[in-house]
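One structure, pasted below without further comment.
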Amino acid sequence: MTEETKTATTTISKTRLEILFDGVFAIAMTILVLEIKTPELSDRHSISEMAQALREQVGTIFSYLLSFTVLGIMWYRHNYLYRHFHRITAGMFALHILMLASAAFFPFCAALMGRYPTNLLTMVIYSGCIMIYNWASLASWLVAKRTDSFSPDFAPSTYHRIWRRTLRGGIVLTILFFMCIFNAWTR
Amino acid sequence: MTEETKTATTTISKTRLEILFDGVFAIAMTILVLEIKTPELSDRHSISEMAQALREQVGTIFSYLLSFTVLGIMWYRHNYLYRHFHRITAGMFALHILMLASAAFFPFCAALMGRYPTNLLTMVIYSGCIMIYNWASLASWLVAKRTDSFSPDFAPSTYHRIWRRTLRGGIVLTILFFMCIFNAWTR
Amino acid sequence: MTEETKTATTTISKTRLEILFDGVFAIAMTILVLEIKTPELSDRHSISEMAQALREQVGTIFSYLLSFTVLGIMWYRHNYLYRHFHRITAGMFALHILMLASAAFFPFCAALMGRYPTNLLTMVIYSGCIMIYNWASLASWLVAKRTDSFSPDFAPSTYHRIWRRTLRGGIVLTILFFMCIFNAWTR
Amino acid sequence: MTEETKTATTTISKTRLEILFDGVFAIAMTILVLEIKTPELSDRHSISEMAQALREQVGTIFSYLLSFTVLGIMWYRHNYLYRHFHRITAGMFALHILMLASAAFFPFCAALMGRYPTNLLTMVIYSGCIMIYNWASLASWLVAKRTDSFSPDFAPSTYHRIWRRTLRGGIVLTILFFMCIFNAWTR
């Protein structure tokens, strides 16, 4: 068995993981809207009644926009990582599943944020979900380095730049996460 | 760092944004159907009872067809823009997220339209959502021009033609939007 | 403007329509499962109670399998048409939107079939939805012929074979549809 | 009609089946989250009340993680099979539809697992669904062999390795399935 054949039998298709990844993000983004409920009006023509019903959902609509943006940023950042991968090993796949599980869990976090934005536990869960995504992302970057899975033309400077940026994000999110926990605890 | 490497590190994959975009549209189109509720019949075999239950949902079914068509037209028009892009810059991505947030919000607009077609606020929201999509679309076109992100073989005449068409659409939608607001206000 | 440029500006990307099409089918297939409701058990450990709850949903589960198969066959047949298209004109796109609107409407038909399999109106709607899909499919085949949108290596014999098969399907479905209407009427 | 033309008219596009497959998995994975319900709190700010509401859903959240992982493993394993296929025949497509029907059914199994993890019938259905997927997967492997649908550079040793692994999985799942049935029966 040549080296190339061996590689082919121990890694998965990069294109297909891309479709799965983009698919999960597209769905997670789109089902956010299911949290915004159609109001029940007693007078079908009443503008003021509908305006009132929508005002009650202003938190959910704000959470929709925020969470859509957060998922958009997650997806955007994944682009910068993913393009440098030459192959996807089993370890990198496992970490991608963890990333996807966080992203697919996000509509629930968004629903909590929409309904209970002032509850401190909401902030813990919301920031925790993003934090897990970010650390899994960093870990997949690390594993790619360990298993030598980068493209041949990959510059070490790029490695360090993305590493620093993702690490910085991870640290900020972790501090935020523990501040939320601390706040929730001492309340 | 060569010019090409720089480009590669400041733009995202055109193919992947395409999958995300098409994915969000496919889902937004398909979850429109979730608004059409299975009727609750007291007599399972009664044709007249089911016909009656469906007649009550005729607004929702009409809104389904209308909104499916609107999303189809949005998607169709995006094709004409997108094919001329050579690369996707961060600004263009941000505008695409705004476009996707409008498109993913559309099932909610469709639900309002289905339940309360005669409420003037429904028209304000429905036309407002399409209007935001259209302006974001025009802005991404403008940003592509500013950041020199068109294909090398891109003809200026094509730029102006698509610009005029999208602008016209934007103006019509904005007039419609403000007419709806005006109507709702003076009611 | 050369012929090729003109073609490029009046047709849409075949690959993108493929993603939209496959996306809508994937979602329509998967949300069929949302009709099967988690039972509410008074005794969480009771096997007989859950078995009873599932027996009550046997129609929905059967409809799930049937509708999944129907969508699978629709998708399968589309493969044979689509591969011969060289380009997608506006008319073909409009017909594809009609096909997709039928396919995305199918989960509602499946829900009716699951809940009210013995109601004649269910059969009218279920067969009607497949029938519309089939005629739209045939029309897109015809329009492709009219607008000369087939691949250069496309054999006329293939055209006639697929035409006959789709026409036959359309006729069978239309007869079925009118038999259902007739039955419902005379009941 | 040459051999190649004949092949083209009796098989479907491998790329498109890939998109459909990955799409169904992406959606099945993402709609798992819809089972986790937003809690209804009497005091919007109460941390303890939300913590309590989430504790009641700990089974659902655990089932979410488990089922996401199971779907991830299914998808991962499909990669190893699928890459060796040179073409997709009608029989292989039918088996893929069975695989997809199992995968799309999985959110229902996950919902049962989340709500009634201690009910023996849940285990029967959950393991049964994975078992059907696995046997359909093995059958598609067998049919590919029979119809000579492997890539030209496909090594027989790879065939036997994947065959053994999938068979082993199938046997383990079947034993598990019948143990669950036996347990449920003798209870």
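Structure notes:
By letter and in written order, the chains are A, B, C and D; residue numbering begins at 1 in each of them.
Operating definition for what follows: a residue touches a chain if its C-beta (ideal position, glycine included) is under 8 Å from a C-beta of that chain, and two chains touch if they have at least 3 such contacts.
The structure presented is a predicted model; accordingly, all values stated were derived computationally and were not measured.
Mostly differing positions are employed by chain A and chain B in their mutual contact, as under half of the interface residue numbers are shared between these two copies.
To fit its Cα atoms onto chain D, chain C must turn through 90 degrees, a value rounded to the nearest 5.
Taking each chain's centre as the mean of its C-alpha atoms, chain A lies 23 Å from chain D. Multi-chain contact residues of chain D, defined as those touching 2 or more other chains: 19, 23, 26-27, 31, 34. Against chain C, in their complex, chain D makes its touches with residues 5, 8-9, 12-13, 16, 19-20, 23-24, 26-28, 31, 34-35, 90, 93-94, 97, 100-101, 104-105, 107-108, 111-112, 115-116, 118-122, 184, 187.
Within the complex, the chain C residues that touch chain D are 18-19, 22-23, 25-27, 29-34, 36, 38, 41, 44-47, 50-51, 54, 64-65, 68-69, 72, 75-76, 79-80, 83, 155, 158.
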